[in-house]
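Following are the structures in question.
Here chain A shows up in two complexes: once beside chain B, once beside chain C.
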Partner chain A sequence: MSLNDSWLFLQQGVLSGLVTGSVYALLAIAIVTVFKTTDVPNFAQGEMFMIGGYVALTLLLIVKWPYAVVIPLTLVIVAMGGALFQRVVMERVTGSKGVGVQLVIATLGLAYGLKGLVRQTGLGDTPRSLPPLVSGDAVLIGDAVLTRLDIAIFMVALVVMALLYLMFNKTRIGKAMRAVGMNPRAAQIVGIRLSHIRMLVWALSGLISGLAALLIAPKVLITPDIAHIAILAYAAAIVGGFTSLPGAVLGGFIIGILENLVGLFISTNAIVVAPFLAILLTLIVRPQGLLGGKPQLKKV
Partner chain B sequence: MKSISHDRWALLVSAVILLVLPLVASGYVLYIVNLLMVFVVLSLGMHVVIGEAGQFALSHTAFYGIGIYTAGLINTACHPPFFISILAGGLLSAVLGYVIGLLALRMRDIYLALATFAFGEAMQWVFLNWDKVTGGSNGMRMQPAELFGLKLTNDLQAYPFVIGVAALMLWLTVILSRSQYGSCLRAVRESEVAAMAMGINVKAMKQSAFAISAAFAGIAGGMYTLFTSFIHPESLGFQTTILVLTMVVVGGIGSVRGAVLGAIVFGLISELLRQALSVQEIIYGVILMGFMMFKPKGLFAGNQKRAATVITPAASA
Partner chain C sequence: MKFYKPLLLCATFCAAVMSVAHAQQEPGLTDKTIKIGLFAPLSGNAMAYGFDVMNAAKMYYDKINKEGGIHGRKLEFVVEDDRCSANDLLAAVKKLTEQDKVFMLNGGSCSGAVVGAREYIERAQIPYVMLNASGDGALYPPSKYIYGAFSISQRAVGGSMVQFAAEHLKGKKIGYINHDDAYGGWNLEAAEFQAKKIGVDLQVQSINPNLTDVTAPMLKIRAANPDVLIITTYARPVSLLVKKAQELGWSKPIVIAVNGTADLKQLVENVGNKDAFKNVYLQEVMLDVAGGPKLKWVYDMYKAYYPELAAKPGYPQTYMPYGIPSAMAVVNALKAAGPNPTREKVLTALSQTKFDSGVMAGPIELTPTDHAAQKSAIYLKFDGESMNVVPDTYRSLWTY
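Now for the complex of A and B:
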């Protein structure tokens, strides 16, 4: 491989990586927010994302409603689903003294249930994409080629991240979520209703999952197994530090770029294993992640 | 004492059923029983690391796969008596498990779960891509296991040996659980600091629990080669780990009975509904959520108090 080729590959890898990475970053934000406020690593994140894709697909291609209706409706449905799951299932599991393992298993149950439901409807039999809102024309940046759609995905993801940043730092709800994440008991003492906030957090994670699905769905085929994308989001969250929101964003971009560079420089075969190696490496070398702060040690 | 006699009855009834079964049942039923026995051993192995030692490890399938490939390759290459190839798989898994156990010394809870999960997925990738050894995505054909010239070519022939190995592993688990070593593992599970203060070598406990659990999984893999001649890496993914985790958790974390019963129930569900994937997934989902909501400790809640009376060997299993 000549130096020129390498330079081209590098540019292409980084730019494409930023695009896919922005979607991983969104999902990683959803994982981290839920983990911080409810202590649950949500193993159904990928399935929530998949459901978002299928709701949009159904509304758009089968019910044939226009995008202007479908986008908000999809977001509302997935967000309400998330809130409902927290309210009905997770609240009950926490209430019956469920600890880590039980909570994780409950989310696994949700993952199975959602996947089974989609398969049962038969929608999963023919993989489809959403019709793109933005044209797929190529745009040359440096020596790398992106489509307009890629750029739109990246831009929307950035705007969403900015909005989330504002929400977590400027609004009462966002601050309350952060407070619960820092210290649930103290948050309760100052008058924050835990169950309320946890429900909202799950709704938020549903909302983000739906958004991520809407963003990526015109670019890839939706199948019941698309939930695998959550593994990359998990890798992103871990690389960034499992409790840090900026870390989740940084991790998302790192994983996205890593994935593309591995594909271009090593082999497409190695793409699958790259996130796991990133997870293992991070946890062994720097368990708290890049922006995770000091590792927490629980005593007695 | 009452529960012990219940166990005896359960064992007796199962023994009778297992004895009569080959006389009346078809090959498919025997295949399912063989498979269930593999699940029982897998589930017992996970019970050791999660139930007894409290280490949340999700790399079980990786060791299972190592056991299958090791035993299968040895059987194909030099036809030793089958227990040698099974032991080789168990041993190799144990060594690797000991190495992976190093992770548990550095991290805990969700981090340990994710690291072991990543290891498991990486191993599946190795199975899928190490074409020269594992046959890669084409899967691997294995020669039948042998015992002194007798080839085990069908489920009926393998049946007594599969049952035998499973019974042996169950017996070993009960011994382990009742021993002082088992008490030490539970002490580590309940509180590392307290265990350390009592002079228990926490690091050695964690690492050995990983090694033992991996050995169980490796042996389960070897058992699998007794009655099958083909393995594909597709079946060695995270779903299998989750299946086994489900068996242990729904059965009751920390309970040997729970691990066995969970393995039988969920093994049956997974095998009987193999054709109807969507129904299987929905049933799983509902069972998992339902159990966690209404019976989070599982069918047989482990005796949580036992760790408080460490060192004196516990009286019941």
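Now for the complex of A and C:
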């Protein structure tokens, strides 16, 4: 490999990695938010993302509504779906003294249910794309090539991350979510309704999933199996720190870039292994993740 | 002589009785019928791979029955839905063999599902002719009881594509993107064999079927600067790779394997830009484009047998004609097995099969050491809308 090739690979690997990494980061934020407030790793995160893509696809291509209607409607539907699942299933499992394992199984049930639902519609028979909102024309940045769509994905993801940061730090709802994440009992004592906040958190998770799907579907195509992207978001959350929202963002970018650099400088066969190696390495060297703070001991 | 005559008569009588008894012992066989077990994905997601393929086989069998059957016996069928699932297919094969007691099996449209039944079929010692699965995993090493790849074997997919890229597109250095699973391994094996045989350089990038970002493989291929790019992946990675190739300014020929071209309209929609198809070739395993003049007889026959289905949008399904050569192989073997067929005789006849189906790009050839029937392909120049057939067929040279 010549020096020129290496330099090109590095530029392209980092820039393309930032684009896909921004979507992993969004999903990682959704995972971390749910985990922090409910203590449940949501194993249906990928399927919520996938269903967001199929809802948009149905509204755009079958119902033939314009994007101006489809985008808000998709976000509302997936967010309401998330909230409903928390209210109807998770709340009941918790209410009947369900332990963590039962809650995790419930999310797995949701994952299988959503995948089955899409397969039943026949829409999942072939990979499909959403018509892009932004053109796919190439833009040269240094020696690397991105498309206008890539840049739009990255920029929108950054804006959403900034809005989430503001919400968690400046709004009462955001602060209440953080309070429930830190100490649910104390939050309850000061008048925060746990069930209400948890429902909102699941709605937020659905909203972020729907948004991620709308952003990336024109680029990577949707199939019922696209839910596997959540594994990369999990890797991002673990690398960044499972309890840290900024960590989730950092982790997303690291995983996106790592995938490309491993593929370009080592082997394309190794791309899918790279996130798992990153998880292993993080768990060995810094189990709490890069921005996960000090390891905490729980009193039992 | 007086002493030998009764002995000779007795021996002849015994031989005749034993022969009749043996014929009667063959399951699924009567004086008037031969019972065949048919199975394919008739419902679920994978229905497009086999529903109409079985319909094509059934209409060919029906034609044979109308012409008087095989040595006076009519063909009779028991049909099962395998849903392209390994479990369902194995259950169907077991039911057809043990409960329905069919004489032989004809079915299977998905390689992964078919491979799972190999062990049982060998134990049950029942002749099995695949419908349209490539089924390399069940065909190599050859099993006495299993024959298949009537569409094309996965190995032949790779070999034929390299031949086309080198011969027609004059490629000396060929880029090759395949999957890093068994499927991809099979086509790469034959591609490497073919490349070595004809003296071209193969630059390989193997990718996971679920990859979301194809920047790395496509950029590495571009850096290697090959004359042609061959893609043997499934439909989703094909769309992503063609799209990425255009983004990166790739203008050299791209050849796409038959695996990734089931829905061309969707492929063009997914890529999102017809300019990406300026220099694209598609592999086709039939001898003409679907509905083309050389295949008109198959489509006319379908319309005559299934008028209601043919009137529906989306029918006949893309792979419909693939069912004909498989049914032809079954009929030819039963004919060659003679008026008193046994499973052994049919297996022997299958291993000596050679005929031109009038459907597939190359001849259907089965030998005792190679049970994959079809190894050739034609190529179509595709501009995102219309297709033109490139003259000649291109054959894979790989042998087991």
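Things worth noting here:
Note that the second predicted complex is superposed on the first by the 298 of 300 C-alpha atoms of A that agree within 3 Å, B and C clash if a C-alpha of one lies under 4 Å from a C-alpha of the other, contacts with A are read in each partner's own complex, and residues count from 1 in each chain.
What we mean here is this: contacts are C-beta pairs under 8 Å (C-beta built on N, C-alpha and C of every residue); 3 or more make two chains touch, one makes a residue touch a chain.
Predicted model only: the values in this text are computed from it and were never measured.
By the document's definition of touching, of the two partners only chain C reaches A:260; chain B does not. Shared-chain residue A:106: touches chain B; no touch with chain C.
In the superposition on chain A, contact of A:178 is made with neither chain B nor chain C.
Looking at the shared chain after the overlay, A:145 reaches chain C, while chain B stays out of its contact range. Judged by the touch definition given at the top, the superposed model places A:36 against neither chain B nor chain C. Shared-chain residue A:126: touches chain C; no touch with chain B.
Shared-chain residue A:198: touches no atom of chain B or chain C. In the superposition on chain A, A:92 makes contact with chain B only, not with chain C. The intersection of chain A residues touching chain B with those touching chain C, taken from the two complexes, comprises 119, 269, 272.
Per the touch definition, chain B reaches chain A in the complex via residues 50, 56, 103, 106-111, 113-115, 117-119, 121-122, 125, 129, 191, 193-194, 242, 245-246, 249, 253, 277-294, 296. Residue ranges of chain A in contact with chain B, taken from their complex: 35, 41, 89, 92-93, 96-98, 100-106, 108-120, 231, 234, 238, 242, 269, 272-273, 275-277, 279-280, 283-284, 287, 298-300. Here chain A touches chain C in the complex through residues 1, 5, 8-9, 12-13, 16-17, 20, 119, 122, 124-129, 131-132, 136, 138, 145, 147, 216, 218, 220-221, 223, 225-226, 228-229, 232, 256, 259-260, 262-264, 268-269, 271-272, going by the rule given at the top. Note for the complex: chain C touches chain A at residues 44-45, 48, 180, 205-208, 210-213, 215-217, 219-220, 223, 235-236, 239-240, 243, 247-249, 262-263, 266, 269-270, 272-273.
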